[in-house]
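I'd like to ask some things about the structure below.
Chains here go by letter, A, B, C and D, matching the order in which they are written, and residues are numbered from 1 within each.
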Amino acid sequence: MSILISGFEAFDGSTSNPSACIVQALLTRSDIATVILPVDSVHGPNRLLETIPKIQPQAILCLGEAARRSAISVERVAINLKDYRIPDNNGITLQDEPIISDGPDAYFSNLPVRKITQAILAAGIPVELSLSAGAYLCNQVMYAAIHATRFTTPRPLVGFIHLPSLPQQVVEKNQSYPSMALETSQKAVQIAIQVIRQTLENNSSQDINSA
Amino acid sequence: MSILISGFEAFDGSTSNPSACIVQALLTRSDIATVILPVDSVHGPNRLLETIPKIQPQAILCLGEAARRSAISVERVAINLKDYRIPDNNGITLQDEPIISDGPDAYFSNLPVRKITQAILAAGIPVELSLSAGAYLCNQVMYAAIHATRFTTPRPLVGFIHLPSLPQQVVEKNQSYPSMALETSQKAVQIAIQVIRQTLENNSSQDINSA
Amino acid sequence: MSILISGFEAFDGSTSNPSACIVQALLTRSDIATVILPVDSVHGPNRLLETIPKIQPQAILCLGEAARRSAISVERVAINLKDYRIPDNNGITLQDEPIISDGPDAYFSNLPVRKITQAILAAGIPVELSLSAGAYLCNQVMYAAIHATRFTTPRPLVGFIHLPSLPQQVVEKNQSYPSMALETSQKAVQIAIQVIRQTLENNSSQDINSA
Amino acid sequence: MSILISGFEAFDGSTSNPSACIVQALLTRSDIATVILPVDSVHGPNRLLETIPKIQPQAILCLGEAARRSAISVERVAINLKDYRIPDNNGITLQDEPIISDGPDAYFSNLPVRKITQAILAAGIPVELSLSAGAYLCNQVMYAAIHATRFTTPRPLVGFIHLPSLPQQVVEKNQSYPSMALETSQKAVQIAIQVIRQTLENNSSQDINSA
């Protein structure tokens, strides 16, 4: 039983990204596959899409940074839109373009988003169910991963969690927006992985029972 | 050479207060005296004022919680005003009253507030020089402590640092405001203590040189 | 050529709603049909859906209030989700339910949202292209209207604009969130209507040319 | 009976300033003297201080803009500190300097700030009693005016009101912070002037009665 966790490289002038830090810390776990994606309109999603068939994961949890947010954001929906407010790390800015030309307008995550949120909350960590993953690379990767796996059997659980900036990123950028300690974000992601694992186990035992 | 650090009890429906947590963690240090103040319009300031002559500290650093702030706030000024937005833990709400009837309108902190801020920033922790400590117990305790020690010889360094809420407090109150991990706030306070200690040592060696 | 504009009744303890005020001010225009919807999980969308076939509008612009937002929000997307944070005016709170059981996860608005935003901006009014209409009545009405008209020929332009609270609403609720004067919101809506009208005229002349 | 109202020129890249707009609109009133101050660390306060003896006003109400605030802010206190976050219009940035070398740390406004706030609130306009006028030109002018008139007999009422940015300023700067329509801010200032006038009349009749 395997879970694929993706994170992003640093972008927008930062020297770090909480999602990459968390992914690196997961490298040692044998039950988890990881990949760090470039913040690149083409290679970001492609790197993830190339990794999926190699791993054939039962669940894909993508992580990214959401500057200005003060809580962990469990994303409910990815929309078929690329509308970048800042350029990607390759200098590309896209406006009002679809991710998949003939794709549906949006996909809901099939992760147990409510359960994940409740479990993180129960651990005393600020978290919200978010209704928008934006229209930048994070949303794009989430949309692309759900789209690419929608006919896979069995269909993997796919979703996205946004993390607040790290304290040192806020300092680096001389901004006044909120932050979250890496330890806190990391604990939230570990809880999310645990909830996903339980869901997979439950699904798996139901399949056996119904066979 | 001794430094007195004060914190506050929990208030406004919270079960904890980052300032009390930090003060408790400092209990084991022999060079630091600590006191936790009740969130009470009368006994809060009095508890601090009773402690000062017993300790005769060279510096007094008061700590408190500022819900809604995302950064450590090093306070520059305390004003002669009690104007509570929420009642104290004894149910008392005061409006438009002076702290000291014939006291000056305000006192600047004589802590090295700029140096403290720069040192915390250098450690990658979000921090700001704040122009208002509010008009609640925090401001009251800061004003009272500066007023009470203004003619003491040698005059102690006195000031106040506001800490963001802890993550679990934000969850407890079902709010969406920012938080800061206890470890991060604690590190910031340790840095502040170090800067205060250096300032005291420099002042002390200057006194010896000038004698 | 007709445009249908909807607004909502007051809700969440307010005695007014900027969307209702603006709709009332449009009552005298012969080229515009209006309807004010109850903030009711069933009758809100139904009232709109009943009105559409009677008017057979070429465009439907739904208006609603978004407390806490400081700018006019031109919504890009409606999602198939009812997840109320506050009860409707009938006391009903829904969680994690679809609007249309077998409907697609989301619909993009087919209004010229970018042009509308640019025209409002050119008039010096704060405005943003919004990626989430929430998961309350506003989103529900937008989703329902797009869903109901998706096979109508010719297909009407359908979308939603969120308005900040009025200054007096913020005062009424003793809150500190931003507001926008009714005159400013009203001007923004008038500009949106003008852009929609031009789009309809352009579409219409293209149809003639292509005939 | 005369009241002096000051405003500021545009600054920080804006082409307008709500305080200047309101002052210009008051030019026609014979009972009010007005002055628009340059955003200049030296000439700003000086222009006001030169005007005061010519007018010998019974009250001085200074107005300024506070970007990022969503409500009218009636300032309670001015502090003896120049600590600019942005340069003045002459390119000067000051840090940690006193306004008056041997002046007190702060002055409370002697305007009826609570009554002004309540009257503006009663008109349905978002307003707050503010505990900090910042450490820029606004605070400097407020401090300088109170300091300069503290021994004048009879002592004039002196204070400061901060106004949110105008909608078009937020658009100009491509920012997402809140704004307030000029009409709303203007009404708030008119109400403040009315409360000040009533206070002056009451004081005046008390003086006669007590004579």
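Methods note: a residue touches a chain if its C-beta (ideal position, glycine included) is under 8 Å from a C-beta of that chain, and two chains touch if they have at least 3 such contacts.
Predicted model only: the values in this text are computed from it and were never measured.
Touch-path distance (fewest steps) from chain A to chain D is 2. Note on connectivity: the fewest chain-to-chain touch steps from chain A to chain C number 1. Note: the chain lying farthest from chain A is D, by mean C-alpha position.
The two sequence copies chain C and chain D touch through a face in which the numbers common to both exceed half of the numbers used overall. Chain C has its Cα centroid 49 Å from the Cα centroid of chain B. The centroid of the Cα atoms in chain A and the matching centroid in chain B are 39 Å apart.
Centre-to-centre, using mean CA coordinates, chain B is 31 Å away from chain D. Not a single residue position of chain A touches two or more of the other chains.
Taken pairwise by the contact criterion, the protein chains form one closed cycle in which every chain touches exactly two others. Those chain pairs judged to touch are A-B, A-C, B-D, C-D.
Contact residues on chain D toward chain C in their complex (touch as defined above): 70-71, 121, 124-126, 128, 167-168, 170-172, 176-181, 183-184.
Put simply, chain D touches chain B in their complex at residues 76-77, 79-81, 83, 96, 104-108, 114, 129, 131-132, 134-135.
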